[in-house]
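Paired with subunit B in one complex and with subunit C in the other, subunit A is shared by the two complexes that follow.
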Partner chain A sequence: MLKRLVFGAVFLAQPVMAEQLLVNDALDAHILPRYEVLAESTAHLHDAAQTSCASNAPDLRQAFGQAFDGWVGVSHIRTGPSEENERAFAIAFWPDTKGFTPKSLATLIRDQDPVVQDPVEFKTLSIAARGLYALEFLLYDPAFVSEAKEGYHCDLVKAITTEIARNASEIRNAWQSYQAKLREPSPDGPYRDETEALREVYKALGTGLQFTADARLGRPLGTFERPRPKRAEARRSQRSLRHVEVSLQSTYELALILSQTELDIRQSLRLAFDRAFELAAALEDSDFSGVADPMARFRVEVLQQSILRIMDILTLELAPALGVNPGFNALDGD
Partner chain B sequence: MKTVTFLSGIALLATTTSSFAAGHASKTDVLTNYANIAEAKYADSLTTAKALQDAVNALVAAPSAENLQAAKSAWLASRVPYQQTEVYRFGNTIVDDWEGKVNAWPLDEGLIDYVDASYGGATDENAAAVLNVIANPMFELGGTTVDATVITPDLLENTLQEADGVEANVATGYHAIEFLLWGQDLNGHEAGAGARPWTDYAAGDACTGGNCDRRGAYLVAATDLLVSDLMWITAQWSEGGDARAAVFANEDAGISAMLTGMGSLSYGETAGERMRLGVMLNDPEEEHSCFSDNTHNDHYYDGLGVQNVYLGSYTRIDGSVVSGASLSDLVAHDDAALDIEMKTKLADTMKALGAIKHQAEAGFAYDQMLERGNSNGEALIMGGVNGLIDQTRSIERVVAALGVDAIEFEGSDSLDNPSAVFE
Partner chain C sequence: MTTRRAVLKGIMASGLLARASWADAGAPKYLSAGRRPNGSYAVYGLSAHGSIQFEIPLPGRGHAAAAHPTAPMAVGFARRPGQFALVLDCLMGSVRQWLAAPKDRHFYGHGAFSADGSLLFTTENDFENAEGRIGVWDVFNGFRRIAEFSSGGVGPHDIRLMPDGAALVVANGGIETHPDSGRAKLNIPTMEPNLSYVSLSGDLRETEALPKELRKNSLRHLAVNSAGHVAIGAQWQGDPKKDVPLVFTHKMGGALHAIEASMNAQSGFEGYVGSVVFDATGQAIAATSPRGDRFAIYDLADGSHKAFQTPDVCGVAASEQGVVASTGQGVFLAAKTSGAQELSSAPVQWDNHLIRL
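On to the complex of A and B.
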């Protein structure tokens, strides 16, 4: 009865186990280790903030960078544990199109809101006032930095880092049980069979690349007439380009896992990712402030194009070869 | 012959289509009914917008509390059919390119009229956030001087809408009109909508808020534009219209467009952008209809629109029903269990969205639900979010079962080269 009109031939030619092996490999070599890195780097960030909470403390800033790298490396894996209890949103709320983060932080500081003393109450705060992007304001934005070693700013930094570390640890721990849903799909679970499990992992790959092209690059690019350098992600800490690179490295890792049985496609992906890495390395524009300059802008546009090229290989070659039909993601819509 | 199926506790809608009875629905039949429903929904939106236009004209001609209330009621009524059209946005390029003119949101309302001091001033994102066109007949915008002495639909549409390339500069459509009727909702997380006095439209010394004549002119121009925009889109879906033709250009792509609309509106747009983000940000401004406190209805009728695309049935504002061959018929023919799953999920979502609507109507306002620490409100809203996310999984299964694999990702190159998807 069940027809698979378009993929029928390809689907039947695929041994069922092959799909499951790809999913298991993605869990073992990508998802679980990268969430482990996030848990460790955010635990370190928490420790650093306890030791020194001043905005300019070198250890704190270094730990912030490592934790942010850890986050960007998993930012495309928005499945199960990261989505429960708003954990991922609480770690990372961006893009902030209405300026909620500075507004929420300013309100907390103005009111000296005692919510920072209570980790349980802190969870009820707007996600805009929590997580790495809020912390970036406190560490790098001239309107929010403070070199004081105690006081409200310090308490807020500690509260934010404590919550980030706890959420990251909860996500890692929750994956220990959640992984079974992907490894052993069942009619009662969120993934009915191997194909649905594989689609979930494949969607993470596509979503990550789309987010990098549309948001990390597309937002500062704006239009030629109206570039938007101030919309670049994490520009205050000069991490905008780095986030593109870290995310590309992580999605590349996943792309190689998912294409391991399709050698021609894998080779196309290698070349396409190599091209994107070269373009990113040559940019020398850490916060994309160059988007207002026609020549510098052109280089950012070419980088964006190279990512769209990778996405085309995924959509037109890898997805049909794997027998996964595309699905919906959180970026669909406006 | 009618096919009626009863499961334990779940009464499934009777399928009354003649094509189903005769054998099974063809994709052509399904697409024809889909286009017919679109035409009916936009025609109903046009009818109710014309009623709004009459009410607005009456308000401006004879300002009074009664006439303002009548205009508000007409606005609320106009949202019922319009929200059910939103499922046609994603997947139908003609609709998606057009809809920003009538339903853009959120807006920096200070562009249009006076705002409370707590609103703030110009922002990093928007230099025109407090431009206040109603108070200023001449102003600078993006480096040029604009003469807005006469407020016309053309000024709104071609100069002010998305001025300076900022999406929050919404000068036209339902939400601009909503702001002009209700004003800002300054109640924060308390119950209550915007409380613009009718005297904001009064003549002479009775005028409050200043420039009442210009405010009236703006309201009339925005409403005229809404009506003409809805006339245009209704024609696109009528016999010989481009939007109708587009869904038949490739039948699989047409079916895919139906499912794209259902999935994108359910997941990324309503569950994500509009509902979940509002809860997580605890911001009463994150309501879809924040001036009128009508957000519960926005979500409800969006959900209903998704459901009636699948079931192929729409109840018009006069109570008549447009129905015919449906996606449900197609799926039932291939995989009856999946059809039941899809119908059940859609019904569950409507139950959850209905709970939000009923609570709001009973006095638990949507902005109260969004308040920091309001766990009951959060649970209500998240019930809707979870239903929408859950039904999206089933929509993905339907895509797989029907073998229409061209779900279009916004921003993807494959959108620009749809033929490549089908090669």
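On to the complex of A and C.
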């Protein structure tokens, strides 16, 4: 770590080089290894489902949890390979505001649709019926669970895990060539210079934190008058709070990489993330069902505030220091 | 001057604002929202050269405005998800009235008046049902809300009156949002934007959707020329580097037509168009991209186009000679296919839209 800091100090005099150093570091120490973890954990999930497909099989549930952790750890990195062919959405379709996932699954099961026997055909199904959130229904929702060791439920579990693993492996493989576009920006490439490459990486950080604050926490919080505990992400597997924590850990990793040449900002970020981790650890509300209770709700709101505080440091301090501050209108998105 | 002002005050006192005309308002040519150096927000009346004619403080960030067709008044909209709109008195430089979004609705940031100025139509979100609505307000009865109807899709953003005065064209951006989750986009993988034409009483006349591979292209901003051609500016919700068209034209009864030169790779728009407008001739379309730091003018008559690099450019409106554009760095410039020229610079960050009065 010390070496890296010295490096940063040396390169400060040459801002263009420093930018590329940060991008390369983000690729080597964050993006590529985390997509590798996703590919491996989803391959393991696929293997586990082949061995035991019953909803209550401990190995399968454990592999499901690890694969989901793997996904949440990359869910903010939405660039290039994950967006091609809807791969990311096929792994993770959430939020599902219209309840497409349970509807699609119920239809498949009712019709005993043979599509589960054909991986190529399965790819053409609605993304709502595929991916980790669909699998969660099959493993945890009382309306969908089955302890049978064979039959349609079992085939569906296997088809879904096969497809998740294939998508994760495709994203990992595609990054092998895509990374050059970020490492060697060129006027003809998608990133024309080092600043654009760095901005793309920086954007992932903001995207992840915003999604956690607005969707992972904002959706179950609803309003004081109308809390929405049933809108919590992955509440059936009691993973709602865990997703917030895993995503915070992953974005923290990226924040430390991107702030390595800005020691004061890095320290502010450390403190702000520490605060968020402490609040999350103290919550003891794994599925956010407490949002309807005023005191428990207050603790979730404070956690949300702590994430907004991290985002303030990013937009007011880190982005200007890195020179990736988007313009007033460019940022707006409307 | 004193006399004139006294007269105007008299008009105000008698509540006859609707009878005063735009010529009385120091003849501002454009309206724009903006951010001041101290971080507060305001809406501005601007001259043809972008100099500030009046300034009205806003409680939060603005987005767009709709100018009344006859009276010197405009309705400014808060940035999405806005709970309020402001009726601006452009003679006095003041807020005349606040319009609150009804319960379970919020404004999207755009609105349009009927041809006689008696009705205001606002794009709104029925967020519990994730359905786009058009609110109808009775202008001359104190902006009383009198009706609402479907926008024909999800996430209606811009809305314009068609030149025959009998229909509205609405850009249903397709993106579902809910105020509980801020500006988070909740349905990107399943979004289905469309362009809808509705009568003033809410009858759906026509809906045009994009082909499946372009379903993530949120149709957002609109311009209409006197012949009823509609220009549409899109915001791509997939990978911003994907080569998709971002500016379309449409005529009722026809199909959506993509402007080739607006493809991401050629235009450098980064998947994002902030505003579109027809120039005064109605023969050319200008589109801005603050994310690409550039804008372009497309001449529909001969198919030529010209692009300009301008940091954070977003607002654009027709001018006598071509178009004017504004930037988040306070620059106000004029452009036509032969070139662009800075007209003025202000210590205000001009926001998304420039409204011609």
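Rule of thumb we're sticking to: the second predicted complex is superposed on the first by the 312 of 334 C-alpha atoms of A that agree within 3 Å, B and C clash if a C-alpha of one lies under 4 Å from a C-alpha of the other, contacts with A are read in each partner's own complex, and residues count from 1 in each chain.
One rule holds in what follows: contacts are C-beta pairs under 8 Å (C-beta built on N, C-alpha and C of every residue); 3 or more make two chains touch, one makes a residue touch a chain.
Keep in mind that this is a model prediction, so the values were computed, not measured.
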**Asked** Which partner does A:124 contact after superposing on A: first (subunit B), second (subunit C), both, neither?
**Response** first
**Request:** Would you sort A:329 into first (subunit B), second (subunit C), both or neither based on which partner it touches?
**Result:** both
**Request:** With the two complexes superposed on chain A, say which partner A:221 touches: subunit B (first), subunit C (second), both, or neither.
**Result:** second
**Asked** Regarding the shared-chain residue A:180, is it in contact with subunit B (first), subunit C (second), both, or neither?
**Response** neither
**Message:** Per the contact definition in the header, classify A:271: touching subunit B only (first), subunit C only (second), both, or neither.
**Reply:** neither
**Prompt:** After superposition on the shared chain, which partner residues are touched by A:199: those of subunit B (first), subunit C (second), both, or neither?
**Reply:** first
**Asked** Does subunit B (first) or subunit C (second) touch A:86, or do both, or does neither?
**Response** both
**Asked** Looking at the overlay, does A:95 come into contact with subunit B only (first), subunit C only (second), both, or neither?
**Response** second
**Request:** Count the residues of subunit A touched by subunit B and by subunit C, then name the partner with the higher count.
**Result:** B
**Residues on subunit A lying within both footprints (that of subunit B and that of subunit C)** = 86, 89, 93, 97-98, 100, 127-128, 190, 210, 213-214, 218, 222-223, 326-330, 332-334
**Item:** Touching residues (chain side subunit C, partner subunit A) in the complex
**Value:** 35, 63, 79-80, 109, 130, 157, 176, 178, 180-184, 186-190, 220, 235, 238-239, 241-242, 272, 274, 290-291, 293, 311-314, 327-329, 349-352
**Request:** Using the touch rule from the top, collect the residues of subunit B that touch subunit A in their complex.
**Result:** 90, 106, 123-125, 164-165, 168, 263-269, 272-273, 280-283, 285, 334-336, 372-373, 392-393, 395-397, 399-405, 407, 409-414, 420-421, 423
**Prompt:** Okay, in this complex, where on subunit A does subunit C touch?
**Reply:** 79-80, 83-84, 86, 89, 93, 95, 97-98, 100, 127-128, 190, 210-211, 213-215, 218-219, 221-223, 228, 326-330, 332-334
**For the subunit A and subunit B complex, residues of the former touching the latter** = 1-8, 86, 89-90, 93, 97-100, 121, 124-128, 190, 192, 195-196, 199, 206, 210, 213-214, 218, 222-223, 225-226, 230-231, 308, 311-312, 315-316, 320, 325-334
